[in-house]
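Per-chain residue numbering starts at 1, and chain names A, B, C, D, E and F are given in the order in which the chains are listed.
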Amino acid sequence: MELVNDFNEYRAKMNERILGSENKVIKRIFNLDTNAFADGALDSKTKELLGLTCSMVLRCDDCVKYHLGKCHEMKFTDEQIFEAFAIANLIGGTIVIPHLRRATEYWDSLKTS
Amino acid sequence: MELVNDFNEYRAKMNERILGSENKVIKRIFNLDTNAFADGALDSKTKELLGLTCSMVLRCDDCVKYHLGKCHEMKFTDEQIFEAFAIANLIGGTIVIPHLRRATEYWDSLKTS
Amino acid sequence: MELVNDFNEYRAKMNERILGSENKVIKRIFNLDTNAFADGALDSKTKELLGLTCSMVLRCDDCVKYHLGKCHEMKFTDEQIFEAFAIANLIGGTIVIPHLRRATEYWDSLKTS
Amino acid sequence: MELVNDFNEYRAKMNERILGSENKVIKRIFNLDTNAFADGALDSKTKELLGLTCSMVLRCDDCVKYHLGKCHEMKFTDEQIFEAFAIANLIGGTIVIPHLRRATEYWDSLKTS
Amino acid sequence: MELVNDFNEYRAKMNERILGSENKVIKRIFNLDTNAFADGALDSKTKELLGLTCSMVLRCDDCVKYHLGKCHEMKFTDEQIFEAFAIANLIGGTIVIPHLRRATEYWDSLKTS
Amino acid sequence: MELVNDFNEYRAKMNERILGSENKVIKRIFNLDTNAFADGALDSKTKELLGLTCSMVLRCDDCVKYHLGKCHEMKFTDEQIFEAFAIANLIGGTIVIPHLRRATEYWDSLKTS
């Protein structure tokens, strides 16, 4: 729970600070996120999984946390998450494993929070 | 059509050559691919999209081509493919655009082949 | 000259095809490019160099070509371009060298076109 | 201020340890840094921005911190820094955002230190 | 010593949790590691160095720590480790330096543990 | 043979052009290569393998070709090369496979040239 709260608080605080800089390009990039992951020709659950695995192969712990949070809200099961992890691990190689460890820890924290 | 055939022929020829080297580790990695993308807790169509977007953000043209070929067999629509492209483009940034161009050209070739 | 024309023609053709897909997220990402590189608190010449070196360390030949084309229009000298290359080469390491070769060839083509 | 001091102290201590290993190749790479970023055909302020944005798209927090420190000494304004961030964010994609958060926090620390 | 113990404990705990998920693909990837680094046409000491430098250029601190632990057991000398570091630093560029700092700190911890 | 000659000729021609630019930083980076891969605490054969696998996980075809050329001169066997490939494939994941195909084709060309 601490892991989850710390991540969300820091993320919210710094996003506010960044958007407060009034840089138009950054603001628009932040806004595009909502659009890109909304229901469309692909449903939002599928899109969230795309976000999760892309974040994993690019090895960004915070991006993985963000998408895991969304996946948790969307009621993905453990088995589904680990199948997505497996694809990321296979495509991205063993270099992904340390991120897989931290992702699994975070996923478990989400379930108890 | 030429794009598609050239890719498939070279891929098939070189995979055979590599597997002929009798290196066990490489053989097993190649075999894992079939497992990872098979129906499970997630269906194979969703998994193929994960493969596609991960390949796109990692900027591997040949991996993108391979997954586009599979997506074509699975009857994904243009709109669905472009929504997956959009997520990859947003997460991976404009550095992904040249790969998006080649992917679009290949996708169009698949539709006429 | 052929290098330059081939690149520009393929880029223009495929960008038109991609934007014709009517995917809003991709369209907006393409539009952001114009904004991000326009004169502002930093002048557009400085920004173009940022685009060039970022493309070089991320090892994207086509992105490098695009920014070199802009740098050529903006009258950067050989010495300036090579100092930018040097920073990219130092930060990105010797893995960047093959891209440096193709970038230099393209830069020379721009000067004779 | 703590963020800034911690970074600088650890960096100084470990650089000294690494250079003490007497490995010639590493020593020369460290020395090249001074050369590459000195005034030349491009001025050192422009070069520092190149270092900053390259570090950002390559997603190295410590490299970003180092160049932000230099940018602070060189009196770059908030607006200029955020325009450089915007280019890195656009080229590198939303995967860069968590690094943007930490970079912004560090930049704010520099201003109060 | 604390650095080393913390790393090993977290790694062991999370690997157990991940393997407990009973995902076959992930399990097989974990198993391949043992095979790939065993004595063969290349001896295991050479292979460990390959693992170390690949981890360094891919900038994965935890992977570097894992391979440094193995290199320490295999009695590599300081000079040998720094020559491997130098190659990774040259190929991967100065972006590797922050990882080099943490790797050196960990290597020194191993020697006193 | 054509693959090998084309690579070597282009590489030689463009390296000469780049070094002719008289940029000191780039010149020194090029010179460091000879130093880093010379016999030292680690022998030059081991170092060449480090260069090969690092190039493979970083997915740079031309860097792989260069190191394969050196490995061929040093009389590495097929089995040794494929064990190095296997480690790169495992660490770097299936995203490395297209580069493995081109590397194998080039290695076979070297043996018949």
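Criterion: a contact is a pair of C-beta atoms (placed from the backbone, for glycine too) under 8 Å apart; a residue touches a chain by one contact, two chains touch by 3 or more.
Keep in mind that what you see is a predicted model, and the values were worked out from it rather than measured.
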Request  = Starting at chain A, figure out the least number of steps needed to reach chain D through touching chains.
outcome  = 1
Task = Quick one: compare the interface residues of chain A with those of chain E and tell me same or different, with half as the dividing line.
result = different
Chain whose average C-alpha position is farthest from chain B's own = D
Request  = Tell me which of A-C and B-D has more C-beta pairs in contact.
outcome  = B-D
Ask   = Taking each chain's centre as the mean position of its Cα atoms, how many Å separate chain C from chain D?
value = 23
Remark   = Rounded to the nearest Å, the gap between Cα centres of chain B and chain E is 30
Query = Whole-Å distance, chain B centre to chain C centre, using C-alpha means?
reply = 26
Ask   = Tell me, which residues of chain D touch at least two other chains?
value = 25, 29, 32-33, 36, 54-55, 57-58, 63, 79, 82-83, 86-87, 89-92, 94-95
Key: Category of the chain touch graph - line, ring, star, complete, other   = complete
Inquiry  = With touch defined as at the start, can you tell me which chain C residues reach chain E in the complex?
reply    = 57, 89-96
Note = The answer for chain D against chain A in the complex is residues 59, 78-79, 82-83, 85-87, 89-90, 94-95, 97-98, 100-102, 104-105, 108
Message = Which residues of chain B touch chain A once you look at their complex with the stated criterion?
response = 29, 32-33, 36-37, 40-42, 46-47, 49-51, 53-55, 57-58, 63, 77, 79-80, 82-84, 86-88, 90-92
Query = In the complex formed with chain E, which residues of chain D make contact?
reply = 10-11, 14-15, 17-18, 21, 23, 25-26, 29-30, 33, 54-55, 58, 60-63
Query = Along chain C, where are the residues that touch chain A in the complex?
reply = 24-25, 28-29, 32, 35-36
